[in-house]
Amino acid sequence: MAATMALPARSSAGSRLRRFVFSQEGILLIAIIVLFVAVGAYNQRFLSANNLSTIFLGNAYIAVAAIGMSMVIVSGNIDVSVGSLIGVLATISGTIAVSGLPLWLAWTLPILAGMAISAVSGWLVAYLRVPSIVVTLGMLSILKGGLISVTEGAWINNLPEGYHLAQLRPLGVPMAVWFMIVLTALAAFWMRYSGFGRSIYAVGGNAEAARLAGIDRARTVFIVFVIHGFFAGVAAILFATQLSVIQSTVPPNLELTVITASVVGGVSILGGTGTVIGSTLAAILIAAIGSSLVFINVSPYWLRAVQGLLILLTVLADLARRRKRARHR
Amino acid sequence: MASAVAAPGHQDRYAGLKRHEVILLFVLIAAIAVLAFRSEQFLTTGNLLNQGRLLVEVGLMALPMTFIIITGGIDLSVGSIMGLCAILLGVFWQKLGLPLGAAIALAILMGALAGFVNGWFITRVGVPPLIMTLATLALYRGLAEGISQARSVRGYPDWFFGLGQGELWGVPTQIWLLLFFFVISAIVLTYTTFGRSLYAIGNNEVAARFSGIPVDRIKIAIYTMSGLMAGLAAWVFVSRVSTTRSDMGTGLELDVITAVVLGGTSIFGGTGTILGTALGVVLIQLLKNGLALSGVKGDGTIVVIGVILILSILLSDLLRRQRGAEH
Amino acid sequence: MTAAVPLLRLEGIVKSFPGVRALRGVSFDVRPGEVHALLGENGAGKSTLIKVMSGVHRPDEGRMEVDGRPVDFGSPQEAQAAGIAAIYQELLLFPELSVAENVFMGHAPRLSWGGIDWDQTRARTAEILQSLDIHDLDPDAPVGALSVGNRQRVEIAKALSMNARVLIMDEPTAALTEADVERLFGIVRRLRERGVGIIYISHRLVEIFDLADRVTVLRDGEYVGTHAVKDVTEPQLISMMVGRTIDQLYPHRTANPGKVVLEAKNVAYPGTVEEASLTLRAGEIVGLAGLVGSGRSELAQILFGVTPASAGQILVDGQPVTIKSPADAKRLGIAYVPEDRGTQGLIRPMRIRHNVSLAVLKELARFFFIDRGREQELARRDIERFKIRASSMDQVVGKLSGGNQQKVVLAKWLATRPRILILDEPTRGIDVGAKAEIHKIMSELAAQGMAVLMISSELPEVLGMSDRVLVMREGRIVAGFDRAEATQERIAAAMMRSAQQERAA
């Protein structure tokens, strides 16, 4: 067809490779490799099987949570309550597990609960037009306080055998990592190939143009929140089933880590762009950075500062990129 | 504060607010009544003064937060700035050996600097306030954690606790501090050119710029004030609990924002009063107190705070739309 | 061009908005394979007409037909489904997404299992671009990085992807380079060959004579006439556009211009003002005429410091000055009553009293405290002097009529005691009575020695009020007339890039 001959080197493998390397995803992949090589060279124990397992197994659930969070941010919103949500869902999972009910319920009911809770937030944001920062700020304390009030700080131990889903190792790779890889791939595929997936980008990119293209903004945002609740639920399961004891506290810092993963993964906080592959890679990178601090003798207490700095730098870079683009037109 | 001219048949920006503050006042009175009924410890001078003592930190930070939200912005980093200043206070005094007075002043100054950084990036670089203060929420807390290495500082001299635990003329010391700033803030907001400019910016930033109002300078000022107050709150807090820890103030931004929004300041900007914020602060504290006296533990109260935040936004949105429909 | 059934036909369209009758019985039609130009001054009703055609507005009266069948569009989607697509000046694209995705957003080709067929999407985008003879647009490029010309071509491709048979283009060449304009013409010609009907709105007469088959003229919301382009001359078109009896009385003045108070020498601002120079004398009213987009408001905003000049010099009272902000301008005695009352001039939810004091807060204050007494006095005097009709000084400005709102803005700026007053469309959207009052105020101010620069798109107003008329076009001041030599036709001719001037260039 004449078209393929007349167009510039769109389909050449070389230009595609170049585009990937300079994309956010490419940069992250390179950064991960560099980090592992550099820290591993400095301290070999960083690359030990045990440590690698800790990094990947222990943090896979963050990548899963970041999938849903990325979708929310692409649509132009945010959810700062995801950490508390995961804490609540993990407790629900543990409670079901020790109550004698079939184990598979302990793995599925929390996901439904996550979708339901997130649907409430989503409804307030999408249909009542309450800014998402406020809704999720309120939801954060409702969930956090609710969790502690109900459990009164009690821990859940004597979790039954067979509960620890995340620790199974099909083909030698921890189940949690499988979930991370498979869900990321599925979500990436869905966001790329489904009409609804693209409408999330449209709504976040230019709400007016999306409207004229016939896309229902409120419905799209609402459904995105529900999907986000699903991923939070899965993340909670992966989190809970790694532990021998489920504490009734919310893992500290969790929402920040998830948001950082999305933002650093290329999901612009201004909406309309970013991929879940990016957020998964970023989640791995952040986990690796966190782990590496110990091995290079930096106190792990600096981790949160590093996260804050990463967000700031990514946002500044994003702003600079947009401004440069506007000027070169 | 109310206008002198109250001609019938006109709509003014106070009408809706008056309704909101009146509602709030009634709710406050009702809440007091209910709580007094449920627990005989509630309505004692001792308890009430103590509650007053406890709300000062949130109260101090809620004052500049009102300014910020009136202009249509937000500052999520206040809790983290407070934690950072608390740590710095301890570090300046213990590690660097500065005289305590200087350490306090310097820590508060650092708070102002932290707020200035927020304001500068928001105005000169153009980072949206939500994202900037979300990033600094993490960054400043992270600095606090990193600097302190989770170790706490203790052993302050006795005079230091005068602010947080002492009394002046029968009333806890810090309440006087809060009252002082409350009065100044109310006067500034209602009677000065600065306050008028805030409302202008929040209602229509473009028109404000076209009228020659120095919008960027004002914004930098209010974010700096927010950091300064957080630093002040840190001093009060450390003085009250006798130690310095890096997790101080975690989650406090929720209380502050809820108090401001509950007090009638619209999250979208353009309206709000210091009196409303004060009512909001008091109401939240009373609620916490009431819940505690009923046996609900501290963490349970934040559920209520969260619900109140969402409800008050819905309420103020409803009132706003009603008023709009009358136009 | 065939005399077939028109693709789109409108008859007797009436559309009103609160306070203004935008269209008063307009008829229009477009045939397959023709370029039909729509001509008219600012405010003639062109933009309302195309919004009715594209389903954004519903007409109050009148009929619309597509292919001879009556239609009633309730939404832009319905118009799109009927094959009518509009390309506005503010392009509605997704900057982060690719060209192909923008073209096919919402209606991308699907694979058998339901997922989006990206290969097809890209291929069909390439096909469409090919058919328009566009060979340098990569379907995978993110739209945000494209030039204005390229983004416009994406919009055209988008319209074609929805099988548009009528394409409405609103001032398409306003922001384009010469090269892009040529390419656009090529595309338009190709579309015409394919039988697409193109409605082309433009002020550039040379384009209309070059490209269009027929031209329709609107004036003040009324339909003036339709002619084949080959049957009409430029002077005829101009007179159709502007010819009207001046039935309004303007306050009679004898101008006594004093010394030069403001002088701008070759000031520029990237993108909008190429190079403009003017002088203003105390006691005179200078009218600045020009088309939308000619740079008049932008020039005013340079003088007022909203967008400081990137080149050139400004002198006040003969001294060079730097104006980097409205505060600087205020200090030099310059005041600017902006074009967009609601967004730039007023704070609508606030009261009259608070609006009129907005520019002089510092002056009304003692040690930062606003002197309420003086503020009230100011408001009272302004309401009296300008005859602002309101229930009280505490009335919210948003509820006032257009005329009274404008008076509030004027009062606000006059409180700063300026010596140079720039008014941008001071009587737009205002009833006759208020217009006359504002004109009277302007005359009085000039008589008292103020230098007044009045930007206006209403030629009768320009002629009636000005001692001198300047005409701005494409970022430059291209003509100046004294009161005696100014006529509507001369001014209009200078405003538009005429065919003769083009050929002479």
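By written order: A, B and C. Residues from 1 in each chain.
The rule is short, and it goes like this: contacts are C-beta pairs under 8 Å (C-beta built on N, C-alpha and C of every residue); 3 or more make two chains touch, one makes a residue touch a chain.
Fair warning: this is a prediction, and the values are worked out from it, not measured in the lab.
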{"item": "Furthest chain, CA centroid comparison against chain B", "value": "C"}
{"item": "Comparison of B-C and A-B by number of C-beta pairs in contact, larger one", "value": "A-B"}
{"item": "Distance between chain centroids, defined by C-alpha means - chain A, chain C (Å)", "value": "46"}
{"item": "Chain centre separation in whole Å, for chain C relative to chain B (CA means)", "value": "45"}
{"item": "Rounded Å distance, chain A centre to chain B centre (Cα mean)", "value": "32"}
{"item": "Chain C residues touching chain A - in the complex, by the definition given at the top", "value": "76-77, 92-97, 101, 105-106, 108, 110-111, 114-116, 118, 122-123, 126-127, 130, 135-136, 138-140, 144-148"}
{"item": "Touching residues on chain A, where the partner in the complex is chain C", "value": "1-4, 6-8, 10, 192-195, 198-199, 201-202, 205-206, 208-210, 212-215, 268, 272-273, 322, 325-326, 328-329"}
{"item": "Touching residues (chain side chain C, partner chain B) in the complex", "value": "306, 325-327, 329-330, 336, 338, 343-351, 354, 358-359, 361-362, 364-365, 368-370, 372, 376, 391-396, 398-399, 412"}
{"item": "For the chain B and chain C complex, residues of the former touching the latter", "value": "3-7, 9-13, 191-194, 196-197, 199-200, 203-204, 206-214, 270, 327"}
{"item": "Residue ranges of chain A touching chain B (in the complex, touch as defined)", "value": "78, 80, 124, 128-131, 133-135, 137-146, 148-149, 152, 256, 259-260, 269-270, 299, 301-309, 311-312, 315-316, 319"}
